[in-house]
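Both complexes shown next keep subunit A, but they swap its partner, so subunit B is in the first and subunit C is in the second.
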Partner chain A sequence: MTREALALVVAVLALWQGLALAHLLPPYLTSPAVVLGELLRLTRSGELLLHSAVSLYRSAAGFALGAGLGVGLGLLAGVWRRLGDAVEPLVALTYPVPKVAFLPILLVWFGISDTSKILLIALSTVFPCYIAAFYGVRAVDPLWVWAAQNMGAGRGRVFLRVLLPGAAVHIFSGLRVALALAFILMVASELIGSSNRLGLGFLILSADAGGRFDLMFAAILVIAVLGFAADRLLLAVRRRLLAGSVLLEEAHRG
Partner chain B sequence: MARTGGGAVAVRPDAGVAAGWRRWRPGVAAVAARLLPVAVALLAWEAVARSGMVNPRLFPPLGAIAAHLWALLHDPQLGRHLGASFTRIVAGFGLAVAVGVPLGMVLSSVPPVSRAVEPLLALTYPVPRLALYPILVFLLGIGHLSKVTLVALECLYPIVISTADGLRHVDRLYLWSAQNMGAGRWRLFWRVQVPAAAPQVFAGFRIALPVAFIITVLTEMVSATEGLGWLILYASASLVQARTFAAVALVALIGFLMDRALAALRHRLIVWERETVLVAMR
Partner chain C sequence: MPAPALVEVAGLSKVFSRGDRRVEALLDLSLAVRAGEFVTVVGPSGCGKSTFLHLLGGFIPPSGGVMRVNGQEVRGPGPDRGVMFQELALFPWRTVLGNVVWGLEAQGRPRAERLAIAERYLDLVGLLPFKDAYPAELSGGMKQRVALARTLAFDPAVLLMDEPFGALDAQTRELMQEELQRIWLATGKTVLFVTHDVEEAVYLGDRVLVFSARPGRIKAEVAVPFPRPRSLEVKKSEAFHEVRNRVWDLLREEVLKLSAEGAGAPAAGARAPGERPRGRPTGPGGAP
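Coming up: the complex of A and B.
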């Protein structure tokens, strides 16, 4: 955060608050102070924790399932050429499809449950992870593999010590896209099919129905903070695991 | 996607049908090899649907889906839905381009603005902006405007970021040689930086257009009265699962065709650079 950016944020918030205090804003632009008050109330009553926990559970479970499956399959397809070639047309055909479209089908199969939401999230995260892992393995310099083989590394060792670290940078960029998707689809599935009255998306819907704009902004803010925090967490993990290539990348960027 | 096909094939000058076939055979074989897994997947679907293990009403066979798809394609209302969705995609994407490319240009060339705006872009990038949709509907109504705004907002990020990035990372040799030949700042920007950054800018478009499609369908599923997303929800409300599948298949087909068209367009427009793999948001 630069000083300029901070100043811009503070200026916008101050202007917003000032205009609200002067009654110059329409009621749906609730002032930041009121939103903050609502946020405090939600936290105290425990509602916030409940809805956040449910939403986080859905996105985390879907992300774990989709990312695990996607990275696993991608690595396998990257190593095992025939599998990769066989799956490639199916991926090319299904990858450009907006996965939300499958929500009504999943809702019929699994009901308005966490299962259908988790599966939808998994379905949409599996693709970027698969593609990233697949191309990550394929992009590893064959020289490295030959060098390792030459020094007596077996198949398992080549995979664990050469291919996996070599593909890791790609895998993490896939995971990052998938994580963002997991949050988008979490919100989407809660906006479209949530009738079990839980989740931050539902909180927005109910606030919308009740004309409670303070509640709505509070829920939006929480979703934003959670999405941001999850992204930072992934980046921190990446920094730990891939310290070398991350530093190199930052050095390049200057 | 990995490029398939046999690569260069020598063709003898004594052409004719045989030589023609020889030339095409690798291509045909490649297409067949690509279709085979799809056929296997479809057959597996049909086998499960007919096995009796699942309720065919919930897991419809391909014939039923195809029949509904056929009916859907002949529905006189389809044009209206396609039109609504495409209006939203094009308007949202166009708005994002109209705002995003100039903004990217400003960010890359005016450091104070960049210092104020870019951290905010980075901060809000991982935030699901879809959460804003209900409030947009309240402000702008259930029609085109709320959807176009959200589509534009989502498309803005990849476009701004790739434009600014592309303009910033122009090969210094180009800049130096242009300056050496007496190009001023203005000329340098428009005649050197902008053309050199074009592939990057296009890469941003390539990420943004599928996003526009996804967000359009999504918003239409949340609340709309027409469009492809609405069509899917309407079909599913009929409780005939085969009909839902038909609507989903139609959307899938459009998504696939859009992706292919975009790949072909890139291939034609930017001939000097090999395509890089884009792990885009879908």
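Coming up: the complex of A and C.
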């Protein structure tokens, strides 16, 4: 974070606190100090850890399912041209539909359980991953494939050692979008309700019911921090796995 | 007794068709390259000289004719022919060393052997200190050396080089020409080298083959008598200028033929996958 960025965060918090102390804010905006106090209470009581763990479990399970399926199918469709062309219109038609629209159906089938939440997250993440892997494979430089064949590589080696690493930069872009969607849909699905009364989204829902705005802001803050951390983790993994390609990308950009 | 031909091409032709458009890229091309020979190919843009290397590389099937390398008929890509593309096609996700060992991995060589061979060729092209760098971190000339080392490492019988120095600036290009000659002399490889630069063709080649305008055929063959190793100084000599001008005159007839037809650039349908549009042939520097 640059010094300017840090200064901006501090300024916003100071302004918020100042306005609150001067009684210029409506009660539902509370103040940073009160939110921080609530955050400490939640941490000490262990509630925060429990809600966070449940939410992370749902996001991670949905993300893993959706990303695994999306990347796998995308690679297959990218390699097998006829399959890719056959499913292209179907994908193009369903991709723009917000997957939350399917929640009522999932609720009928699975109730407000973990299952419906995980499936909703998987449903949302599968598309960006599919599209990234599909176009990633198709964008692989055909000369890389020729070079590999020239060195005596068969189909399997070309797939594993050329198409897969060649598409990896695209795949990671898809995973990054999918990760953000996983967090968004985790909160959205928990705001509808949670059968075990756990999850950060459910914490917001119950805070709203009890008029506890300090609790609500505390939950929002935790979601933001977890989402940020997950994104940074993904970027670190990407840099580690794809050092050479990332360098190439940066060289092109700048 | 001349040495037996390592590369034999007889009656080779290639027609690209898209819809009802047919483009004859090569017509009835025949040639033979002896083991250890360095043969250069020049021709006007779109004369099918890259297509010729792609056919010999086995990447695209011919429309007619036969190609043999080491007595074996060419039926697909294979490591007996080491192709070096103009665009190099280095794998950007692999380090320099990772690129050079790639072909040896495909051949299933043991790890220690792979590393020893790769390091030997990296040393030969002078890039051993950069073995852990990624291609994106290297200059154009260094990338050329990596591509050359990668091709040499899997020990092909013949090197097929498609305008490998086309993207380099003039000075780097000259240094790479001298470097390639040194490496060729050190390894004794057979080389078929396509270029649109007449000076490069004469400096490097034992023989220069001049291709005609499309459909590509061998219009003429010019022997280059200068002894090896040739220093870059040879380019300044009267004898060099004579050979260069002879090749250039042959080439110019073809270029003029092309511009008379108004077909200076190849039709889009005539390009093989991966083929890029080429620049026009370069003439002798200070010619009137």
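Everything that follows uses one rule, which is that the second predicted complex is superposed on the first by the 245 of 254 C-alpha atoms of A that agree within 3 Å, B and C clash if a C-alpha of one lies under 4 Å from a C-alpha of the other, contacts with A are read in each partner's own complex, and residues count from 1 in each chain.
Quick note on the criterion: contacts are C-beta pairs under 8 Å (C-beta built on N, C-alpha and C of every residue); 3 or more make two chains touch, one makes a residue touch a chain.
Keep in mind the model is a prediction, meaning the values are calculated, not measured.
Using the contact criterion defined above for the overlaid structures, shared-chain residue A:146 touches subunit C, although it does not reach subunit B. Of the two partner chains placed by superposition, only subunit B is touched by A:105; subunit C is not.
Set against each other, subunit B and subunit C differ in how many residues of subunit A they touch, and the higher count belongs to B. In the superposition on chain A, A:168 makes contact with subunit C only, not with subunit B. When the shared chain is aligned, no partner comes close enough to touch A:122: not subunit B, not subunit C. In the superposition on chain A, contact of A:54 is made with neither subunit B nor subunit C.
By the touch criterion defined above, A:231 lies against subunit B but remains apart from subunit C after alignment on the C-alpha atoms of chain A.
Within the superposed three-chain model, A:188 lies in touch with subunit B and out of touch with subunit C [touch as defined at top]. Within the superposed three-chain model, A:245 lies in touch with subunit C and out of touch with subunit B [touch as defined at top]. By the touch criterion stated above, subunit A contacts subunit C in their complex at residues 141-144, 146-153, 157, 161-162, 165-166, 168, 242-245, 247-248, 250-251.
Only residues 1-5, 7-9, 28, 84-105, 107-109, 124, 127-128, 131-132, 135, 173-174, 177, 179-181, 183-184, 186-188, 191-192, 200-201, 204-205, 207-208, 213, 216-217, 219-220, 223-224, 227-228, 230-231 of subunit A touch subunit B when the two sit together in their complex.
Listing the residues of subunit B that touch subunit A in their complex gives 1-2, 4, 33-38, 41, 58, 112, 115-120, 123-128, 130-135, 137-139, 210, 213-214, 217-218, 221-222, 229, 232-233, 235-236, 241, 244-245, 247-248, 251-252, 255-256, 258-259, 277, 279-282.
Residues 57-59, 76-79, 81-83, 85, 87, 89, 91-95, 102-103, 105-107, 134-137, 150, 154, 273-274 of subunit C touch subunit A in their complex.
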